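Below: a set of structures, written as structure tokens.
Shared chain: chain A. Partners: chain B in the first complex, chain C in the second.
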Partner chain A sequence: MHEKLEKEALWQFGGYGFLVAVTMVMMFPIYWVVVASTLPQSAIFAGGAGELPRLIPGSNFLANAEALAARPEVDFYRSMLNSLVIAVVYTGLALLFCSMGGFALAKYDFKYKRTLFMGILGTLLLPTNLLVIPLFLLVSNMGLSNSYWAVILPWAAYPLGIFFMKQAMQSIPDSLLEAARMDGASEFQLYYRVVLPSMKSSLAALAVILFLFQWNLFLWPLVVLREGKYTIPVAISKIMSNDMIAYDQLMVASAMAIVPMFVVFILLQRHFVNGILGGAVKE
Partner chain B sequence: MSRQLLVPLLDQVRFKREQLKDRLPTLPGTPLLFLSPFFLLFGVFLAIPVFYTFYLSFFTFQGVSTEALFAIDIGAYQIMIPEMANLQYVGLDNYRRLLTDSVFYQSLLNTAIIFVVQVPLMVALALGLALVLNAAYTRYKGIFRSLLLLPVSANTVAYSAVFIVIAAEGGIADIALGAVGISPIDWLSDGFWARNLVAFMSVWRWTGYNMIIILAGLQTISPSLYEAAEIGGATKIQKFRHITLPQLKPIMLFVFVTTTIGVFKKFAEPMIVISSGGPINETRTIVYYIWQVAFQNLELGYGSALTVALVAIIMTLSLIQFKVS
Partner chain C sequence: MTAITLDGLTKSYDATDMDDIPDNEIVAVEDVDLEIEDGEFLVFVGPSGCGKSTTLRCIAGLEDATGGEIRFGETVVNDLRPRDRDVAMVFQNYALYPHMTVRKNISFGLRLSSTLTTPEIDSRVTDVAEMMGIEDLLSKTPDELSGGQQQRVALGRSIVREPGIFLMDEPLSNLDAKLRAEMRTEIQELQNDLDVTTVYVTHDQTEAMAMGDRIAVLNDGLLQQVAPPEEIYRSPANEFVAGFIGSPSINFFDVSVDGQTLTDPSGFSYELEDHSVEDDTARLGIRPEDLTIEEGGDDMTVTVVEKMGNENFIYGTVGDTEVVARTEVTVRPEPGQRVGISFAESAMYLFESETGAAIKTKTDEIEPQAAQF
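Let's look at the complex of A and B:
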């Protein structure tokens, strides 16, 4: 008995040790980007004569941020605004289209429903962000290149989103919709007065996923946007392709791309986890 | 979006079942009205490009076209739809070129090596963390879970930049390795290590995501299975091997399939490593190569052929994983 308890204590000790160690290693880059953004470049790296990088925050943040603003090749603060506008408009539009489509698939019967459904199913297996080559020609032809719409529209029909909404909406009782119809509600009123309000948590989950998806898009904006319209990832990549990388400024830019999202993410995490699991581990 | 695979498949089964019993309202026009914005965009920006990629792979791109594909003249109005591009038909030439393209093979090999380094490490970490977080003795589960999930929200390019600074000469990685008596590693100039850096970065970003999925899988395993095993005197390791692993199989399959697709789509990490001076030959992934061919050399036709090949590879690998399990 005594031996068994001892063994159990050993397992627990090992488990905790592993958990704490991995968490600390995982947290380090986040800690470091914040600290490094407040240091002059010379303190980010080890100097000669065994001088170590500083691991505690310094006071250079504002100076670094100003130097970042003065960069000639890229207007980083403009790119933050671009990213924010694009991600917000995108999330709103995609949420609207996916929820409308999901409603139709969940609560109506119509001809070719199955065919349409299979069509979306097919693209889920494709890595769709590889479609940049034809998209580039298409978007140039429409005269949309180097515009916000070029980044917003192509992914607004987010196949996973319509599935997610369809599944969530199947849980709405048909009797509830019938009752509203009896009261004289039009089909569109049904959608925004009855269905949408009862789908708040699913909509929030999808919103977090859509926002992050757009916020992280890199290849497509890199191909289609020019200076002035750059999003954050493109702007950072331009700072990095400079021959003399200013690491202190780079860390300010990275911290500004990462830290605000962390705050939002922690606040909305419950929805995000629901989103992951709603997409992955049902049944 | 292709990280999500299981649901649609399960959903399809449910959908068939449903069609047999449910009678949903059939209002002419209404559902199509609701679906039209989604399907308009879906058709234009997803369906057409899928077919157009395939089409383009048989041509060489000769610049943007100004010629009309089709024009209607109705008095005061003229409708002209321009051709997408000036193309020249080359048959299977792009595919022939691909078969003898050593850069293509090298980038495929790089992607495969990144996969081999990243996936076992990431899955082992995610599984280990999920097991500890699922254990009865663990306190503060919520906090650990949140912290470990945080990297998923990190902007891909920004976090890559942070890793470059950590791995650069004289950076924190050197100091940390030095502290445990390992000599500094040339992460950004040695091909072998630069490629591993790409894999390690990805491990950092995706471990928490997979941990959450595995954790949810662990929570669906019925406690009665473990109780029965305990009565039979099974040890922890026996329980893990004979109950946990077999029960987790579908979840692990999901993790492997989505990760495979994720690795073969990798672009941001190698792009950042290369643009900060990393060795291109060893870190160039297949998507990076497609980007180079299509948008630096403007060989859109050949880029499309490479894309078709990549999609075929990803589909084959996913199918093999489904078959194996």
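Let's look at the complex of A and C:
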């Protein structure tokens, strides 16, 4: 009996040890980006080939950030603001569309529902690169190019989000909706006052996914936005576009670009785990 | 308060996508005619899939009737939305809004569809909560409540709107046996007090017998019989009703008829004195409590004796037919023992073999003393 317990404890210790090791491997590049952002250019590559880079933070962070701010063609802080506005508005709008689409697919019966659903999923197979030219024509014909809307609208009904919400909403018992109908709710009140509030976890999880998706979007903003409207990924690419790559500035920009994603995740983390696992276990 | 009329109510589902379904449709409810009086407590009962819930949902407006008419009073409601029918419904799983407190759950309908002011709504909710004994729970959410409390909230939600009709779809089936019996009386008292027309669906015949002013028995989408509980029990319209109502179930024997003599394949026979059967065969039914076990006889082999404390259930076989008798605690044969059985002609049921329609039902009088308090 005793031996069995000891064996179990050992397994558990080994298991956690393994997980910790994997986490460290995954987190190392991020840690290094943060450390490098505090070092002068010369110190980042001080080790030379085959040696470990320097892993102790320095004191050059503010100097690097000032140098970054001094580059008008990058306009980093302006880009940060652009990215924030775009990502926040996009997340709100996409949550609305995805939840409405998911609700319709999960809880209503209509002709060609299955075909429509397959069609929506099918668009996931189209790579962004393929969409760039038709989307660009569409957006400029609508007079939206070089505007926030040009980046916000194309993925506002995000297929993966619709799929995610559909799966989550299937767990809502039909009787709950029927009870609300009997209580006098219209179909929109049903969605707004009964379905959305009971989907908080899933919505939070989807919000994280949508925010990250928009925050990291690179190719499309690069095509459709011009200087002054750049988002963070585009701005970071501009740091590298000169003859010489200022790694100290690149690292400081990357480190700062991580912060909003981090904040969003921390804020919604509890819901994120609930939402992803939601419906996995019958309660 | 509203009377309900079902006039040829039919509900069928399209089954074009399914194989092996004749006519490409499934008929859930077929040509049901029924009048439910104002203030009546009517119970729909039947096995699963018999169409009882579908009928209720048609009355609620959650399903569209594919044929026939539903009238509330004089008004045809077929095309009215649920919210416009002035009905309230209690669901099997209570269907409480998980993100709202008990107070909000109860007031939701009033806030959406009434012209009452907030203080008026609050006072209505408080009154109902007092009536249901849940005034301490008003600020809790459904996941903090026990099953019985959730049930009370669901009932409260339906009565707060003072609807013309209550619909209840197996509201007690998720509760444990003791609580179920408690809530059963509570719902009856509530219905008596409020005097609102109530349609109640259950698969539990005990619940149906205990609660209904009248019982409507459904099978395969067809209405079998509508009558007060005692009449359903004593004078079932057919074999199905006789078999469905009563616990333990009625005993059936396939008998051949020769003049006044009924004979079971195993050789067990019965002489009719006051009745006669025209067909060559019939189904004989006898309720477990009307069977008398006689020591020393040779009709039945006892298989199991269940001692319930206040009575015994004696299971056995007569030939290949399973038989159960409900007896005094003093009757306690051993498993394997051969015993005799007997019963009075007045307690016997006879049904046509082909159609199952009743030929003869119980004619024994309830003794005047037994019928009094």
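Note that in this section the second predicted complex is superposed on the first by the 220 of 283 C-alpha atoms of A that agree within 3 Å, B and C clash if a C-alpha of one lies under 4 Å from a C-alpha of the other, contacts with A are read in each partner's own complex, and residues count from 1 in each chain.
Note that in this section a contact is a pair of C-beta atoms (placed from the backbone, for glycine too) under 8 Å apart; a residue touches a chain by one contact, two chains touch by 3 or more.
As the structure is a computational prediction, the values presented were derived from the model and not from experiment.
Of the two partner chains placed by the overlay, only chain B lies in contact with A:Phe18; chain C stays clear of it. Of the two partner chains, chain B is the only one that A:Leu137 touches; chain C does not reach it.
Touched residues of chain A were counted for both chain B and chain C, and B has more of them. Contacts of A:Ala69 after superposition: neither chain B nor chain C is touched. In the superposition on chain A, A:Leu267 makes contact with neither chain B nor chain C.
By the touch criterion stated above, A:Asp183 is placed in contact with chain C alone, chain B being left untouched.
In the overlay built on the shared chain, the residue A:Ser198 is in contact with chain C alone; chain B does not reach it.
Using the contact criterion defined above for the overlaid structures, shared-chain residue A:Leu81 touches neither chain B nor chain C, since it reaches no partner. If you check the complex, the residues on chain A that touch chain C are 173, 175-176, 178-185, 189, 193-194, 197-198, 200.
Residues 60, 62, 81-83, 87-89, 91-93, 95-100, 108-109, 112-113, 157, 161 of chain C touch chain A in their complex.
Across the complex, chain B meets chain A through its residues 1-8, 10-12, 15, 19, 22-27, 30-32, 34-35, 37-42, 44-50, 52-53, 56, 64, 82, 84-85, 125, 128-129, 131-133, 135, 137-138, 144, 146-159, 161-166, 168-172, 174-175, 204, 207-209, 212-213, 216-217, 220, 236, 251, 254, 261, 264-265, 267-268, 271-272, 275-276, 287, 290-291, 294-295, 300, 303-304, 307, 310-311, 314-315, 318. Chain A meets chain B in the complex at residues 11-12, 15-16, 18-19, 22-23, 26-30, 32-33, 36, 44-47, 52-53, 96-98, 100-101, 103-105, 107-110, 113-114, 116-117, 119-121, 123-138, 140-141, 153-160, 162-164, 166-167, 174, 187, 191, 212-213, 215-216, 218-219, 222-223, 232-234, 236-237, 240-241, 245, 247, 250-251, 253-254, 257-258, 261-262, 264-266, 269, 272-273, 276-283.
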